[in-house]
């Protein structure tokens, strides 16, 4: 299948759609695709949606140090955030610490960052991981950096909204505590998703393809957005549309 | 509360005792790699290193050099340059006690230290393995709302806060601008040691525009001038990271031997140049 | 999170609903007497007024005008000008619910609000009548040290923070300099309303020296220009208090009638002059 | 008795002596005599002792807002502070709120300010009240803004060091929970102190007079100190030496 857009461009367009209705979106320091998507959404709202990119000078109007992101989340002033994970399981648990027996992990990743807090407090947490394999999408994470769901009574206004990978988009059902396959990216199939996913998920009989970016959106991504993210993610910007 | 805070870099490093609880900031806040090098040179041991809320090359090198007994951080990352090999290796070999945290927990515990509170509550955390692996953290019932469990964290009160800043004055005031976590670190710590790019002959409080971004001298014990003192890490708004040097580090540190060779070379650099 | 925060003063005052939890600062931080006058003019009622951590003429006048149902403060003082007659009279007549506090308790509870914590512990307070008179404060055992009692205070999350500042920009950023309690107030409150001496055509974040002293626009809902907007209170580094006007107020406010006469006159002042 | 110094000058000199050994002293906004005394002590230590005067721009190097004073006290960075009170009793309890039945007080004062915190945390709290009458120094305060002593187990590194009035200096004994008359100001007598004090206190057989300010100290007070406090307490400075 020969598409006239790159995977990165598709993902940016998908995320920008998912951010509809948000007033303020915060993006982590090393998240170029979510960063580009947030800036795209901002452009589409004529700047009404605010974007904070952690680690950026230009897209960071904080004056209370690193704690401000977390305080803002607790104040309800961050509507959406992105989390990844070395492992993600079918209940939405994420592992950013490592595999095997903690703390002498077989594979050790950097650590949990703000996940064990933001995942609880930000209403729309989009799990984003391009690699869609059984290595990443596991039946049960080896270490819970942050759980996908919480017991009744635990203060948790936030949580997973869904999971976007290089192959598909799943929504998350908090009642059922399960992912549901919503769309498969053009060029891929439900079988491929099943093969590459280590956890069980709900799957409707008919799964649509993920909508391709509209031409106007592609133009924006390739023009203004690419320039805007160059400050924050210079290496990414240069390889963006490949 | 030192009347003559300005000293030589070696003197500053010598005043960090073995076993100290040392708190450092993340890369975009001002990392004193110059003092880190002096600490490694003097062979400091047994540090309890607290990273606010994460660290990169600074923690990685201190760990590799065997200076760290306990590591309290929300992440150790060299970003796109690759894995923090010495950190990972030390964990695998059980050479450091690891206190994995989440960023807001380190900020909150440090703010508790700043306020002289014995503990502070924090949302999140419940039912995570982070909480399960931290015997020093507890869960209590919100005293105002029974049935609402909430984590409580003991305050962090480091012995020494260490960072790099663009400017200080002779009275001991240090300019940090928007990097407010550095102020919290200084407040919460018994002493604060700072390396700076330059010393201003004018008191920083004399400029009303600078004053809001200052760590007052009362918190600052020692200041040493270290030009390009964050190198090879950058100092935002002043100079960027030396990507080539960091890449070379990551490549070298894949093995213990490679790390040692890098270290020898680094310790022998006479003048730092970016 | 208002895209067009700049509005008329009357519009700003009209957006403070009856019954709101309104937080204001002490005199040396920037007190919006201009907005206070508009609030009195529009006849606001039932405010829960939180003072950070004390207040003077602003609270006194709001109380005298019958705008306050609950007063939460560590003191109401007009300093050397004399007693706050309307405050004292309202207490004697039981017209306001009084929540006497101590300065650090108000700061801490507001910081809890800023951090989205349900409560925060605080040293001091134990065995005081302040604590005894505050059913909303509790004492718990330090969870990390049984037998160590410590007060816990519920967070304060005001509906609206109101203050006066020297400068704002068109995007909604407000310059406060060293008056950091104003930032805490803005963070803890659902909305922030500010009167300013002037509007800058340049974004305040474009000046790296100003940025550390800014309340970012995301917290600021409404800004109205009010020249000499703190009058007769002063705005430090800009203008002093109008001692004669405050003396005259204190003299007038000895009686309810005298206060009413002062108020009528004050509400009819066309242009404020210091 | 015709003294060659004013009462204010005596009190400033006495307080400056009491501050010996302090590294950092904080003074409230409306405390000109303690303020002058702290600045005098600072001069005598060639600036080694730091002084913070709340509400002053010149003697206030804080950058974290009003909370910084209280945080510093909790950090152990404030060695001495001054508290007054509309009522002070023999156990060191202070009342800054009012007389009669709270909250509809017969006499209402401004409020407790930071007393219910700083009195617990600052090691050397000097109670200072010029008026020395049975109206102020009462058997039992009507409202405890802050208690003078705390039950065992209550965290209390700070507390009353002593009480200075216009007539005398009392030390405070934390074990006995009582004041002890240490000196009577020149021109006054132990009988007068007894007459004017509403609470019981320990009184040695021989009570010395409070030492008069040395000539060098008086010169400093009348010169440099008077100028230094003019910024913060302009009205006070102009009437200082009367």
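By written order: A, B, C and D. Residues from 1 in each chain.
Simple rule for what comes next: contacts are C-beta pairs under 8 Å (C-beta built on N, C-alpha and C of every residue); 3 or more make two chains touch, one makes a residue touch a chain.
All figures in this text were calculated on a predicted structure; none of them were measured in a lab.
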| item | value |
| --- | --- |
| Shared chain contacts [subunit B and subunit C, defined touch] | A, D |
| Mutual neighbours - chains that touch subunit C and subunit D alike | B |
| Selected interface, A-B versus A-C, where C-beta contact pairs are more numerous | A-B |
| Distance from the mean Cα position of subunit D to that of subunit B, given in whole angstrom | 40 |
| Separation of subunit A from subunit D, taking each centre as the mean of its C-alpha atoms, in whole Å | 59 |
| Approximate Å spacing (C-alpha centroids) for the pair subunit A, subunit B | 29 |
| Overlap residues in subunit B, where contacts from two or more other chains coincide | 108, 111, 115-117, 122-123, 148, 150, 178, 180, 183, 211-213, 237 |
| Junction residues of subunit D, two or more chains touched | 62-64, 67, 70, 74, 121 |
| Chain-to-chain touches, reported pairwise for every pair that qualifies | A-B, A-C, B-C, B-D, C-D |
| Residue ranges of subunit C in contact with subunit A within the complex | 1, 3, 114-117, 173, 183, 187-188, 205, 211-219 |
| Contact set on subunit A toward subunit B in their complex | 29-30, 55, 57, 62-67, 70, 74, 96-97, 102-105, 108, 110-121, 143-147, 150-151, 153-155, 235 |
| Complex contacts: residues of subunit D adjacent to subunit B | 23-24, 47-48, 50, 61-64, 67-68, 70-77, 121 |
| Residues on subunit B engaged by subunit C in the complex (per definition of touch) | 108, 111, 115-123, 138, 140, 142-145, 148, 150, 152, 154, 177-178, 180, 208-213, 237 |
| Contact set on subunit C toward subunit D in their complex | 26, 28-29, 52-54, 73-77, 79-80, 84, 87-88, 91-94, 98, 100-105, 107-108, 111, 122-131, 133, 147-150, 178-184, 236-237 |
